[in-house]
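Both complexes shown next keep chain A, but they swap its partner, so chain B is in the first and chain C is in the second.
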Partner chain A sequence: MTLLQVNNLSIAYQTRTGTALAVDDVSFALDKGKSLGIVGESGCGKTTIGMGLLRLLPDNALIKQGAVLFKGSDILEFSTAALQDLRWKKISMIFQAAMNAWNPVQRVGDQIIEAIRIHDPGISRDKAKLEVEKLYEMVDIPTNRIFDYPHEYSGGMKQRAIIAMALSCRPDLIIADEPSTALDVIVQDQIIKKIKAIQKKFNIAIIFISHDIGVVADVCHDIMVMYKGRIVETGKREEVFVEPVHPYTKSLLSSYLTLDGVLEFQNESAPKSCLTSTDQAPGTCGFLPNCPQAEPSCASEAPQWQAISETHKALCRFCK
Partner chain B sequence: MSSSSRSPILQVEDLLKTYRTDRSLIKRSSVKLTAVNRISLEIERGEFFGLVGASGSGKTTLGRLILKLEPFDAGSIRFNDLQIHGLKGSKLKAFRRQIQLIPQDPYQSLNPYLSVFDTIAEPLIIHRMGNPGERKVRARDALEAAGLSPADDFFPRYPHQLSGGQRQRAAIARAMVLKPEFVVADEPTSMLDASISFTIFKLLSEIQKQKKVTFLFITHDLAAARFLCNRIAVINQGEIVESGPTLDIIENPQTEYTKSLIQAQPSFSFAQKAAAAT
Partner chain C sequence: MSLQKLIIRRSLEILVIFFVILSGLFLLFHLAPGDPVSRMVDPTMTPEDAELLVSQLGLDQPLWLQYVYYVKNFFTGNFGVSFHYGRPVVEVIGERLPNTILLFTSSVILSALAGIFWGKMVAWHKGKPVDTWVTIISLVCHTLFLPWIALLFIWIFAYKIGGFPLNGMISPELWMDPDSGIFLKTLDIMHHMLLPLLTLFIIHVGSYLLIMRSSMLETLSEDYILTARAKGLNEKQIRNRHAGPNASLPVVTSVGLSLAFSINGGALTETVFTWPGIGRELIFAVSNNDYPLALASFLFISIVVLIANLVVDVLYAFLDPRIRY
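So, the complex of A and B:
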């Protein structure tokens, strides 16, 4: 069952020097209980997609076109009241660096209780506290720590409490924006295992946004690779990460260090900066200046989607 | 390594560092926390040495002690056969010129009020090296060697006008402008994207080879250590649990802690299986 369907979404930012297209004609679908990973470098537009789905974009952002269908209704058409009902209860978000955004002068448990009661005013404080206890058990934090202050938590605990808060209203979909970045490898591993376990147990869909290919490969069934606001390759993780076809995906993977050394897809250096620019010619391939397998016609003709398998496709005219 | 004339540039012996943590404002009870617990290690000249551990393991503290940014409780640190404990005056200043830091977070370690040129020229001014013209030449060389070229385009910029990767390159140029013998790189890419990290690692490795600089690379990422370092030491709770050639440790870890570090590393295990099948 399709939970979320995004059609031709384009989001632009108005800047002093012009309009920058941060998300360019992005379409994807996510089934209930599945996980989708969006990978790309900083500035490629992956966070903008996440924020756009919940309509949390800053004032200078403009949704130029598209539709975001959640259970069939278009979030982009929602009224403020309908949005309020959607946020956190149906779709929640683990924001980037959220573990550093706990209010330092409020106890962590109180902050989660507040979230629960704002979205469901009928719940008494005591009942909400019981709910927090259940959430803490789920994310492996001792329940006697509920009413500690954020500074009394370790980094890993703060992040687990953030996950508890994201789960607090039992959403159908969680958007996780770099949930393990800035944690050390051991804590990161624990957090990822926790997210995977919870996702399975409650059949929650997850959109996992990260620049860390290894983490995304661990968590997500389906992968989208993003470059300069566009999806350039999408497919099952086994397809995208084992047999990548887009030259950008290959170069991104070849910059990833593992314990066995560099992943050898081809001998090329890491990609150059992928910041979306305001002066890119519309239509042509954004990766052209860095592409090792470019053909002369790439400069004039728009890239086309090529289907490699039923699920695996790439935005490049020359990849097979 | 192959060289027969072993000459450690840095010798750490039996190093101890404790912090007092005051538990309560009212009670005078304080707890001693041992951050570095009787550590000994030697780093050879020209080596890329990795110090690997999770957060709180004491790896940054050890780096700070070596840089003489903090006093230690017991033991000794010898740099070029010189005891760094008690160094003062011109000898201390000479020591500081030889040993430099590339800090962790390029978003916090650059002074927002200083342009790139002033940032890189400042160490030269402090150490009274060259006249303004010579300083400009040295700053330009350092910046271009760090991959920001043409340097004149970057000199007038302020940190907020640089991307994360560019900032870290400016911080590298600032560390290298004095032509130090020894550089401590404290998780220099933990705030950067994987692909940007990769380009920074390549730069560091190039610097080490070309300029014969010795690196102490502090990281929690064994994969990065594998890429860069010929030898590593694994540190946990202030103690070195094992050390040796990087590949030996990764392929044949002796302690549970090292094993857990290796297991926590995200891997393409499914990818490797699929690749092995084809």
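So, the complex of A and C:
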């Protein structure tokens, strides 16, 4: 059953120098209980998609077109009240910067209780506290730490507490935006295992946004590779990681997996910054300037989606 | 709770600071030009009488012994007799100090609360006309010259429009009337206090508002505000529960810093409104070489400022758990 269906979503940022298209005509679907990984380098639009789904974008962002259908209704058409009701109760988030995601002057437990009670004022504070205790046990934080302040937690504890809070309203979907990036590898491993276990236990769908391909490969069933605001390759985990077809995916993977690959990658085609995609005219290939497989006709003809299998496809004229 | 520890530690620090002030004032008064005896000596006195006076005052003793007496007198509450009033200094201070504390605590609390409230609102409407106008008005208030605005208020409200007393703190005829009860008397003081309070409020509210506004704008870009929004809180809840308390911390700091200055400015306000407070008394004592009164005024003003700082510190620790170490 399709939980989330994103159709032709485009999001632009208005800046002093012009409009920058951060998300360009992105479509994807996510089934209930499944996990989708969005990978790509910094500035490719991953986080913008995540924030756009809950309409948490900054003021200068503009959703130019598209639809975000959650259980059939378009989030982009929601009223403010309906949106506030949807947030956290149906779709919650695990934030990139857990260090700063907690209000420093309020106790952690109170902030989780606030999340529970804002969506169900009928629950008493005591009952909500019991709920928090259960969540803490789930994420392995001692329950006597519930009413500590955020600065009294370690980085990993803060991140686990964020996971606890993300689960507090039993959402259908969790958007995890770089949930382990700021942590060291050991804590990172714990967090990832926790997320996987919880996802399986509650059958929650997850959108996992990361630049860390290893982490995404560990967690996600489906993978989307983004470059300059566009999806360039999408498919099942095995398909994208074992048999990548898009030249960008190939160079991205080679930059991660082996030392040889890194050297090769740097020598061949260190990609220029893709922070803005204004230089990318509609209907042209964004990766063209850096593409090792480019042919003269790439400059004049638009890239096209090529289906490699039923689930695996890429936005390139020459990938097979 | 570590809050208690903080209070104890800060109190001890304040004791040390006070001792430094006490000693500093002793030295200052000895370095100051003119000496107390010359003011008391009159031409009919013989040199012997003058010497007797000097030894009575203990001024022929070595400096360290004078210092010991000075400290001992302070802790036994013996501040001597005012040259001008001919009454114990403690009595004079005891009458004046509460008036100053009343005026200044109310003006500081009112202007800080108003600054926090308005600053929060203005930051929320950043870039709209209300933001522009309030910011301009706040800047103007902040830079106003205190005696000028005080005189202007007296001229407008007490003279042109009327209905406000020109000066003082009480109406003598009302206080002499045995029929007027405590309620009327309180009302009378409030009536007299309104103009000086308004003056101090206008001088202070602008800077608190501007601090709160910029602090609020900074807070609104913090990640935990995004968390609050993602949690489904509405804008009012985000503003009042999450952004407001964090953003008001710099205002509390600023209140602590400005306390000493507001007592200084207080001397001006008290003089213009002839408010019988300690700031006005201090100016009077200094210009009349009333050493005991001046010294005691200095000491008690510093005690008030130190205690107020302690209160601000405790308040800060209460608002921000991170500094309760």
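By definition in this document, the second predicted complex is superposed on the first by the 303 of 320 C-alpha atoms of A that agree within 3 Å, B and C clash if a C-alpha of one lies under 4 Å from a C-alpha of the other, contacts with A are read in each partner's own complex, and residues count from 1 in each chain.
To be clear about the criterion, contacts are C-beta pairs under 8 Å (C-beta built on N, C-alpha and C of every residue); 3 or more make two chains touch, one makes a residue touch a chain.
Just so you know, these numbers come straight off a predicted model, no measurement behind them.
When both complexes are overlaid on chain A, the residue A:F147 reaches neither chain B nor chain C. In the superposition on chain A, contact of A:L54 is made with chain C only, not with chain B. By the touch criterion defined above, A:F202 lies against neither chain B nor chain C after alignment on the C-alpha atoms of chain A. In the overlay built on the shared chain, the residue A:V242 is in contact with chain B alone; chain C does not reach it.
Contacts of A:F78 after superposition on the shared chain: neither chain B nor chain C is touched. By the touch criterion stated above, A:D184 is placed in contact with chain B alone, chain C being left untouched.
When both complexes are overlaid on chain A, the residue A:A101 reaches chain C alone and has no touch with chain B. Legend: residue contacts after superposition of the two complexes on their common chain; A:F28 is shown touching neither chain B nor chain C. More residues of chain A lie in touch with B than with the remaining chain of the pair chain B and chain C. Contacts of chain A with chain B, set against its contacts with chain C after fitting on chain A, share not one residue.
Per the touch definition, chain C reaches chain A in the complex via residues 222-224, 226-234, 237, 241-242, 245-246, 319-322.
On the side of chain A, the complex with chain C involves touching residues 54, 56, 80, 84-89, 92-93, 95, 97, 100-106, 114-115, 118-119, 149, 151, 165. Partner chain A is touched in their complex by these residues of chain B: 54-55, 163-165, 190-191, 193-199, 201-202, 220-224, 226-227, 250, 260-268, 270-272, 274-275. Across the complex, chain B is touched by residues 41-42, 155, 182, 184-189, 192, 211-215, 217-218, 237-238, 241-242, 252, 255-263, 269-271, 273, 275 of chain A.
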